[in-house]
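Letters A, B, C and D name the chains as they come in the text, with residue numbers starting at 1 for each one.
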Amino acid sequence: MNSFGNVFRVSLFGESHGNAIGVIIDGCPPGIPVSPDDFMPDLSRRQSGSRGTTNRHEPDKPEILSGIFNGFTTGSPITVITRNSDRISSDYDDFKNIPRPGHADFVAGVKYSGFADLRGSGHFSGRITWGYVAAGVIAKKILKPAETEAKLISAGGSTDIGKALDEAIADNDTIGGIIECRVHNPMKAIGEPFFYSVESAISHAVFSVPAIKGIEFGSGFSAALMRGSEHNDPFVESTGKTSTNNAGGINGGITNGNEIVFRVAVKPTSSTGVAQNTLDFSTGKMTELKVKGRHDTCIALRMPVIIEAAAAIALADLMMIDRAVNGSRGS
Amino acid sequence: MNSFGNVFRVSLFGESHGNAIGVIIDGCPPGIPVSPDDFMPDLSRRQSGSRGTTNRHEPDKPEILSGIFNGFTTGSPITVITRNSDRISSDYDDFKNIPRPGHADFVAGVKYSGFADLRGSGHFSGRITWGYVAAGVIAKKILKPAETEAKLISAGGSTDIGKALDEAIADNDTIGGIIECRVHNPMKAIGEPFFYSVESAISHAVFSVPAIKGIEFGSGFSAALMRGSEHNDPFVESTGKTSTNNAGGINGGITNGNEIVFRVAVKPTSSTGVAQNTLDFSTGKMTELKVKGRHDTCIALRMPVIIEAAAAIALADLMMIDRAVNGSRGS
Amino acid sequence: MNSFGNVFRVSLFGESHGNAIGVIIDGCPPGIPVSPDDFMPDLSRRQSGSRGTTNRHEPDKPEILSGIFNGFTTGSPITVITRNSDRISSDYDDFKNIPRPGHADFVAGVKYSGFADLRGSGHFSGRITWGYVAAGVIAKKILKPAETEAKLISAGGSTDIGKALDEAIADNDTIGGIIECRVHNPMKAIGEPFFYSVESAISHAVFSVPAIKGIEFGSGFSAALMRGSEHNDPFVESTGKTSTNNAGGINGGITNGNEIVFRVAVKPTSSTGVAQNTLDFSTGKMTELKVKGRHDTCIALRMPVIIEAAAAIALADLMMIDRAVNGSRGS
Amino acid sequence: MNSFGNVFRVSLFGESHGNAIGVIIDGCPPGIPVSPDDFMPDLSRRQSGSRGTTNRHEPDKPEILSGIFNGFTTGSPITVITRNSDRISSDYDDFKNIPRPGHADFVAGVKYSGFADLRGSGHFSGRITWGYVAAGVIAKKILKPAETEAKLISAGGSTDIGKALDEAIADNDTIGGIIECRVHNPMKAIGEPFFYSVESAISHAVFSVPAIKGIEFGSGFSAALMRGSEHNDPFVESTGKTSTNNAGGINGGITNGNEIVFRVAVKPTSSTGVAQNTLDFSTGKMTELKVKGRHDTCIALRMPVIIEAAAAIALADLMMIDRAVNGSRGS
């Protein structure tokens, strides 16, 4: 279940400290111009290095194994990988006995009967999102002229994100955040109710990303506080433009042509420097755990580009399914 | 795209004023005891009739067409339908020119090029969830001894739900609400990261239900306000029991054996009795629309059982996929 | 696994002696004209009644439950059922202890742990193909101007099919046959290698039909006897027309615009009137079994229309996937 | 559509003269012992080098990128690649104007609008089956104690395969062949009718392999010549063992525990050294084409191991689906 999409289909593979991580993008139309450099702007946005992010540094340079020829997609599966280079596996040796609270250590141990490669959190590492972002680059090209744009709009409950980071770093602790994603100039009439609504597709893609705790579209949770007369978006133009956008650009699971808007909640990085009381499974006694190693104070800083990728991939798949059933739509 | 699930697969069909609505449940294990009466408790919970719900009354009695023999599932697809009887289609004649704000009228017209059956909102009607609930009854049997339980915990922003209803009815308006769903005694180690995490599966299933605007797991959006040291759930027992449950029973996309907890936001019913200024697409001029017909003041009242069904179906599919890959787990 | 297709998706349900059998067709484009009468010509072709077929007579009239409105497909799932009326279940009581050679009695008992409804062979009955044919009617409309045409070209090894039937009836035995299917005026460039070649899609659909033992495309098994210089089809027109058609209209898993041609082998009906020595599982001893009940001397007589349906459904799905990825092609 | 399987899922990628070819195997159970050396016996069987095969020589050594740790599968996707080294692309420059009869040159040009990488036949090359065989190695481990065994039983119509090769080489021509595959000691009761019968799954997997023209199970096409009384396989033991095996080990789309037997027809290699009269699309005139380059006299020589892989992958997927629905079966 490491694939997403019905026609435009993305498959991720790799472990944090394995030989390589990567992605296959299947169902991509031929003739889309792609150069290796096209991947770097988005890949750089998810890289660490700035304040509040881990100091594990990977060059992250993409190597294209298949599917692109003479600068264009060929119609065959596109495979892009990158090597893992900066690996310090000894950081992770203790977690078999004392699984880290908030991590996948415990569940991975149970589910895979002890065979999972958990060095650097293995297949559960945020590093696996590298391929997700690479696939997002292709999906964004397919979606043009629609544009996806995600931003971190608060961290640790504050819109002064720099200040929130300062405080968390001072306390050797970690913080979460809220990311807002907008799709400008979206295609109209895509989405496949009952079971592949726009919200179903995007939320499915988004909740695959580690550390996401919630998603809301348009008015979101505040809709629960509103009256219908207030929440409904009146139409004001024959294009379908509405005067408000509580719907977040989606009615009945189908895009209405207004901007698509959603927000996601990102939890604080589990690997905090603060000591935690938790069980030592080897002794059955409680113990104090201090997680060392290199981690992000605020993983949400690196996630807007991943959320864009998730949205773009979901929408590209929906656009192609709509075209399959209903034929090409005029712009 | 009217199917959900990979192994345990649910397909919904029907329109509000068509001949019948129903569901096919494929991939159901043989030997599960099912009688027609087993469906009624859950189907009754989603029925209208109580204060705040529409006075369209359908007997909703299930007719089993296939897949159940001598009181047990056979292993072949289970088909259950119910006839539509209480149909007043003339209520819906005007919406082609003046699509209702907040409804699918506009997008359905564009997407299906005018061929959609929109009587009673057609395939977009909440009535289609009848089959979803019926499938949920089967899924819940498969999940035993796990139990799903959803409740409306607030409406119109208030926990005094009766009072909120009174006020909305007095104003001839509609209100939204928040539903909380818990899965008690859940199976451990199910969930298929990267792309079929428990949250991906549940959110996909939940956002297929009309009127949902948001979902959050465990701490949810409040995670964005918390420190890592506060958010992490320390293990306290070798079963994997944790002292807090900010994770909502899920780590790394996999159940950890603690209660699964999530909440969904339901928007106020779009069909409010309050007059709305919106476009008449036939004239290109703004006009006042008053939606008549029979509607719910608070559709969220009828939705807990639908949310339970969505969760149960997603979890049944995940449980069966886990069994496919990892074999049967001891209880 | 009672569904076939990725975008155009057909799901079959029902048992021979259950309440009803039927089909859901999902992913069908809106705006296709369909009346209940459109189903009858193909449904009549698969009906019994002529010499060499069973004298079980079902009216087989389709009832449309959803997805068609005002004479056109709506874009929502199309559900069509028919009631089972002519049921004589007592014929089948003995087969639990003495499973019929060549039937599914034994494997169904093992697989479904005794819970399968095997009255009239249940979900294994050829009767389940009723819905397959109904779906084929829709698929053929989508494929226009391409036309599928299947014929029984031999029975019992003879092209004089009447004579072969006479001899088999005289011996109270059953015979098989060969069906050839041609798709005239096929769409060019559909087929999705590596794993959804035209041959993969058609063979998958065809081998779902009971009693099929083999399939071959174009030159088929005789290709194994030929030289490359003889087998290759030289191009003679810039449309892609070739002077021979050993390829059966398919190169590299993709249609080349020449007629698609394949043949299938149908085994003799298992339910022969001739006595068979087989095991009585209740005693562990060999016994003589004479199968009574109503059966076909040559089931292949009724199968050309089912093979057409299988081909049409596979090709409709491939055509829509090609359109999803590559956009609409000019005719 | 470069993936096959529902739970055990194989995805192939790469082009003949691209950077690398490979495979992802998703849904593989954890804890299966795998070393790089385990791949070599089967990979060697599909290699060229013996008489009648091309003199393109690739080391074909597998590089494992993910999913295997400390000598065992981890439960995460297994990615295996190999580099393309022996590439002489100039051989293929002329085929744009004069597409080779019997090849995918023409259809690939149309389908992918000229963007396909057709050097060395690109994604249509038999070289892509390298990853198929690698995935087959894993599938065979899952299927144990069942064993798949395929053999070339005739070539060019003769069982004296050496002589048939001699004659074809002397004529600078190519020949086809028949491969028979048997699965010894097969698991009982797997197969998912209606639409994922054993025959559907295997034929789908087999017809993805280039150059296959036909497949038949058990009695196959000869069933069309037989009487029912002759074709039915009488049970002789309570295990389900039958005295004959016309069914090829499959009843009603489900394995009955007897040996699974099927045969496939392989066409003669299209790239014959004999001159062919075909269209020059650039001039619209017929021309003589002589295909140079390195090719196989009898590609069927290299294909038994590929057919084994196809069968093993299809059966592994079916076994896991059966386990999902029906739980683990005793041996």
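Please note the rule applied: a residue touches a chain if its C-beta (ideal position, glycine included) is under 8 Å from a C-beta of that chain, and two chains touch if they have at least 3 such contacts.
Bear in mind the structure is a predicted one, so any value in this text is a computation, not a measurement.
Here chain A and chain B face each other with the same set of residues for the most part; over half of the interface numbers are shared between them. Judged by contacting C-beta pairs, the busier of the interfaces A-D and A-C is A-D.
Each chain gets a centre from the mean of its Cα atoms; for chain A and chain B, those two points are 25 Å apart. Separating the CA-averaged centres of chain A and chain D is a span of 36 Å.
Note: centroid distance chain A to chain C, computed from Cα atoms, is 44 Å. In chain D, the residues touching two or more other chains are 1-3, 6, 12, 27, 30, 75, 111-113, 123, 321, 326. By the touch criterion stated above, chain A contacts chain D in their complex at residues 1-3, 9, 11-15, 18-22, 24, 26-27, 30-31, 63-67, 69-70, 72-79, 81, 111-113, 115-117, 122-123. Of all residues in chain B, those touching chain D in their complex are 6-7, 27-30, 75, 320-321, 323-328.
Those residues of chain B whose C-beta lies close enough to touch chain A in the complex are 1-4, 6, 12, 99-104, 106-108, 110-113, 123-124, 128, 154-157, 168, 171, 173-178, 188-197, 199-201, 203-205, 207-208, 210, 212-238, 240, 242, 246-248, 251-256, 265-272, 274, 276-279, 281, 284, 286, 300, 321-322, 326.
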